[in-house]
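Listed after this line are the structures, all set down as C-alpha cells.
Next come two complexes, and both contain subunit A; in the first it sits with subunit B, in the second with subunit C.
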Partner chain A sequence: MECEKLSTVLPADGILNAPDGFCFIDDLPAEASYELRLDTHTHCKFVLHLGPQGQHIRRRTIFSLCGENAKLDAHVLIQAAGNQCIEWLGIQRHLVKNTESNLLIKSTAENGAKISIISKIIIDAPATESCAHFQNKNLVLSSRARVIARPELEIHANDVHCSHGATIGGIDPTEEFYLRSRGISQRAAKTILQRAFAEEILCQMPNDAPYN
Partner chain B sequence: MRDVLAIRDLYLNVAGKAVLYGLSLAIPAGEIHVIMGRNGSGKSSLLHALVGQIPVASGAVTLDGESLLELPQEVIARKGLFLAFQMPVALPGVTVTQLLRAALQARQEKGKLFNHMQFHDDLEAAMELMGMDPSWANRHVNDGFSGGERKRCEMLQAIMLKPKYVLLDEIDSGLDVDATGIMVNAIRLLQRRGTGILIVTHHSRWLEALNPNGVHLLSDGVILRSGDMELARTIELEGFQAVQ
Partner chain C sequence: MSENLEEFATPGNFSYATEYAHDAGRGLREETVRYISKVKNEPRWLLNFRLRALKIFEAMPIPPWIPVDLAPLQFDQIRYYLAKDQEPKRRWEDVPDEVKATFDRLGVPENERKFLAGVEAQFDSEMAYASLRQSLAEKGVIFVNSTEGLLQHESIFRPHFGKVVPPADNKFSALNSAVFSGGSFIYIPKGAKLEQPLQAYFRINAEQFGQFERTLIIVDEDAEVTYLEGCTAPRFESSTLHAAVVELIAMPRAKVQYITVQNWSSNVYNLVTKRGTARESAEIRWIDCNIGSRLTMKYPCVVLAGTRARGEMVSISVAHHGQYQDTGAKMIHNASHTSSHIMAKSISIQDGVAAYRGTTRVAKSAKNCKNYTRCDALMIHPESVSKTSPTLDVNGNLAQVQHEATVSRVSDEQIRYLRQRGLGESQAMGLLVNGFLNELLREFPMEYGVELKRLMEMEMEQR
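Entry: the complex of A and B
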C-alpha cells in the first residue's frame, strides 16, 4: 500500500494539501501547527502517532474540507509515558457541502503522563449534507496519569449528520482476568491489552507507515 | 499415585451470601465428572472459585496434593487448571494466535526456545478437530463470535494448552447438533490424554456419548447425591424434586 509522507518542513503558512490515499506526517517538531486541506473528490486517509516526538508535545491540526465530495478518514494514536505531556487540538472544518470527515483518536497514559484532547467539529453554513464524526477512546494505566477529553460541536448548517464522543477508562478487569486464567502474568496481560487497545489504529496504518 | 483434583469442605460466599457450605469432591486424572443442580445452586461459582476468581471462605483445594488456594490466577492456570467460561469475554485487538502463543510462552521453561513451527502445526490440527476454518487463527478472540463459536474457541484453548484438569461451564449451551458432536469428540480427546474433566451442565442427553465416571447433584451448598448416568437421566426426566 502506498503511503505518502507529507513534508516535514512546514510551509510558512502551515497549509498542506492532502493527497488522495494514505498519508502521514512524521518527525515534526514537538510543537507544530498545520492545516490539511482536502480538495474536491479527495479521499485522504490520515494516520498519526504522537508520543515519540518529545517530552512536551503540542499539536494543532486543522482538517479543512474545502472541495465538494472530499472525504477524510483520520486515525490518531497518542501514547504518553513517564512525565510526558501531550496536547492535541484538532478541528474538522467543513466549508462546502457533501463532505465527510471521520476522526478516531485513541490515547494511552502511563505513569505520571498527561494528555489533553480538545477536538472540534465546525460545519460552516454552506456545508449542508455533510457528515462529521469524532470518536475518542482513552486508556489510563496509572492512578497518577491524567487524560482530559473535550469534544465540541459547532454547527451552522442544517441537514448534516454529526456525532462526537469520548470515553476514559482503565484496563477492563474481566479481560485481564481472562488472560490470567490462561496462565499469562498480570504484567503481560496488561501489555497485551494495551497493545490490543492501540490495534484498532495500528491496523489502519499501511505497511510502509513508520510505526509498523 | 494417581493425580487428583481434590476439593474438601469448601465454603464460599458470593456478594455476602453463602453459596457453598462444606462441599467435597475428588476428580481423579482421566475421569469425567458432571455437576448438575438448580439455577443459582453455586455450580458456576464453584468453578470460578477453583481458578481463583472468587476467594473461598474456608476449605481446601489441592491438585496432586498441592494447595491451589491463595495462588494468583495465572499460577493456578500454569499448574494445570483450565476453565472454559460459560460466557467468555471478547478481546478486541487480540487474535486467537496471539492469545495461545502468549499462554504457551508463559508456560515455557526459562531459556528454552519457543517452537513456532510446532505451535502452528498443533494449532492447525486443533482447529481442524474443532471444525474451525484456518482463518480463525487471525480473528480477535470472541470478538463478534456467536455463542457457539465462543464455546469452540474455549475448547480450542483447552486442547492447545494441555491442562491437567478442564472445567467446562455449560459448554453445551447454545450448540447445534453438529457442534455438540464436535465438543464430545474434543472431550474424548482430552480424556485420552489423561485430562480430568469437570462438567457443569443442565442437560444429560449429550453426556450419554461421554459415559461420565460420576454425576453429582449440587444442592444446598453441598454434593447432595452422587451416582452415574442414571442419576442424570432421572434429573432430566423427572426434575430435581425426584432426587432430593
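Entry: the complex of A and C
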C-alpha cells in the first residue's frame, strides 16, 4: 500500500476525499481537525502517532464512510509523558450500507500526563449491513497520570455489527515478575512491556513514517 | 369491594377517582412548600431544608443534555402535594375498602401479603397501609414513611438525611428535597439479617400529580437487607412527573440489595436520583428494570468509600414506541481495593430509544480498584435506536477498568429455525428476547422474574 502524508494532501477546507488503496499518515502539527471521506469501493488505512507534536495536542478526526463497500482500518498510538495533555476526538460515521470501519487506539501515560479519548461510532439509518468496531487500550504508568476514555455508540439501524471496548490499567505485575525472574532489571522490564504494548500499532506504521 | 370493582369496565384503565383531604394546588411557590411542611407538622429545620432546596431548584437550569424535550412538563401545572387525611394503618382490616380495591387492580394477591415481611403500599403521597411483622419489630428494624422517620426517629435518620444525595446534586433532587412526601425510611440494626425482602408498592393516582417520594435506607454493621420496589401508574392524558430520591448507606460489612421494577404509564417523566455509600467491606447491589414511562433518566450510583467495598449494577431497559430509556450506572472508587461490576442489557422496539450512560471513576488515592462493565443492546426493528456513552476516568496506574459493548438484532435464521420447530413468529420472538435477558432476569426474585418473562412474551405478541 502506498503512503501519503496528510500535511501534503489535505485540502485547505480540511475535507479529504480519500482515493482507494492508500495509507494516510497524520503528520500534522499539535492542533488539527479534518475529515476523511471514503467513497464507493475505497479501502484505506490510517496511521497516527500522537505525542511528539508538543505539550498540548488535540486531534478532531471524522471518518465518513460515504460510499458502499468502503472500508477503513485506522491505528492510533498515543504516548504522553511529563505534563503533556493529549486529546483525541474521533467519529466513525457510516452513512450508507455495506461499509466497514475498524479503529484501534493504544495509549500510554507516564509521569503527570493526561489523556482524553472520546470516540464515537454513528450508524445512520440507511447504513444497514455495516460493520464498525472500536478498541481502546490504555496503559497508565504512573500514579500521577490520568486517562479518561469515552467510547460511544449511536446506532439507528438494526442490521449491523457493532462493538466497542475500552480498558484502562497498569502494567501486569505477573508479566513484570516473569521478566524479572529471567534476570531483567525492573526498568528494562518496564521498557520491554511498554514497547510490546505499542508494537501492535508500530508494526502498522510504514518504514518511512516520520516518527520511526 | 366487588361493587367498586365493577366500575372498571375497560381493561387497563387503572385510574381511580379519589378525594383528597390535603391538596397543595397546582404550581410551585414558597407557599406550596410551607403548606406541605405545615400539613405534615414538620419541625423548623426541615422547613428550612425544604426552602433552601426550593431556592436551588429555581436557580438551577434544566441540564442541556436531557435527550427529550421537557416542554410537556409544565412545572407550574403540576400538583406537588395531595394526601388523604389518614394515619398509616398497621392492620389490614383497617384499610379502607376503596384503597383495597385499588390494590386489587395493582395485582397484590391477598395471600402473598402474609409472606411479605413488611408490606408498605404508598397510595399517592401518604402511606395507606403499613404493617410490620412481629419478627421484624423484634429485630429492631424500623420501616416507616419519610415523615414518621424524620419526626419520630430523628436521631437515627437526620444525620444521614440529604447527605448521600444533597439537594444541590441536580435540579430534580433539589425539587424532590423541596416537596418530598411518602417513600420509605428504613433502619436495619447491627447484625440483623433479613431473609424476607422488604417491599413497597408505589402508585401515582392523580392527574398532573408528580410523585416525589424519598427513600433512605441505613444498614448498620454486618446487617443485610433486600428492598423491592415496583410501580404501576394509571393512564392519564397529560404528562406526569416522578422525581424520586433514594439514598442508601451501607455501614462496614453490610449488604444491601435494591430491586426496582419500573412500569409507569407512557406519559410519565421518570427522573430519579439513586445513590448509595458503601463503607469498609460493604456491598451495594442495584437491580433495575425499566419498562414503562415516556422518559426515564436514572443512573444509580455507588460511592465506594471504604476499603474492599463492592458495588454492583444489573440493569434491564426496554424502550417501546415513543419511549426514551436513558439509564446507566455510576461507580465512584474513592477507596483502595474496591471493586464494581455493571451489567446492562437494553431492548429497543419500533422507534424506541434505549441508551446507556455511565461513569466509572477511580480517585487518585484509590489503589488496586477493579471495574468491569458490559452493555448489550438488542434492536428489534429497523427504526430502533440504541446509544451507549460510558465514561472511564482513571487516576493512577493501579486500577483495572474495562468496558465492553455490543449491539445485535434477532436474525432471520434464528426466527426461521424456531418456526421450523413449530413455534409461531411472535412466540419465537418472545423466546429469543427472553434468551437475551435470561442471564439478568435470574437476578430478580422469582415472582418478578416470572412476571417479567410473561411481560416480554406479551410485548412480542403485540408487535
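The rule is simple: the second predicted complex is superposed on the first by the 198 of 212 C-alpha atoms of A that agree within 3 Å, B and C clash if a C-alpha of one lies under 4 Å from a C-alpha of the other, contacts with A are read in each partner's own complex, and residues count from 1 in each chain.
The rule is short, and it goes like this: a residue touches a chain if its C-beta (ideal position, glycine included) is under 8 Å from a C-beta of that chain, and two chains touch if they have at least 3 such contacts.
A quick note: this is a predicted structure, and the numbers were derived from the prediction, not measured.
**Q** Using the overlay on subunit A, decide if subunit B and subunit C clash or can fit next to each other.
**A** On the shared subunit A, the partners fit.
**Q** Using the touch definition from the top, say if A:Ala125 reaches subunit B (first), subunit C (second), both or neither.
**A** It touches subunit C, and subunit B stays clear.
**Q** With both structures placed on chain A, which of the two partners, subunit B or subunit C, ends up touching more residues of subunit A?
**A** The partner making contact with more of subunit A's residues is C.
**Q** For the overlaid structures, how many degrees, to the nearest 10, lie between subunit B and subunit C at the C-alpha centre of subunit A?
**A** 90
**Q** Now for A:Gln186: first (subunit B), second (subunit C), both, or neither, which partner does it touch?
**A** The answer is first: A:Gln186 touches subunit B but not subunit C.
**Q** For A:Leu153, using the defined touch cut-off, is the partner it touches subunit B, subunit C, both, or neither? Pick first, second, both or neither.
**A** A:Leu153 sits against subunit C, while subunit B stays out of touch.
**Q** Kindly classify A:Ile168 by the partners it touches after superposition: subunit B alone (first), subunit C alone (second), both, or neither?
**A** It touches subunit C, and subunit B stays clear.
**Q** Is A:Phe197 contacted by the first partner subunit B, the second partner subunit C, both or neither?
**A** first
**Q** Quick one: is A:Asn83 in contact with subunit B, with subunit C, with both, or with neither? Answer first, second, both or neither.
**A** neither
**Q** In whole Å, how close do subunit B and subunit C get at the C-alpha level once superposed?
**A** 17
**Q** Enumerate the residues of subunit A that count as touching subunit B in its complex and touching subunit C in the other.
**A** Overlap of subunit B and subunit C footprints on subunit A: empty.
**Q** Which subunit A residues qualify as touching subunit C in the complex?
**A** Counting only subunit A, the residues touching subunit C are 125, 128, 138, 140-171.
**Q** Could you list, by residue number, the parts of subunit A that touch subunit B in their complex?
**A** Contacts found on subunit A: 172, 174-175, 177-186, 188-189, 192-193, 195-200.
**Q** Which residues of subunit B touch subunit A in their complex?
**A** Residue list for subunit B touching subunit A: 51, 53, 72-74, 77-78, 82-83, 85, 88-89, 91-94, 98-99, 102-103, 106-107, 140, 157, 161.
**Q** In their shared complex, at which residues does subunit C touch subunit A?
**A** 364, 377, 379-407, 409
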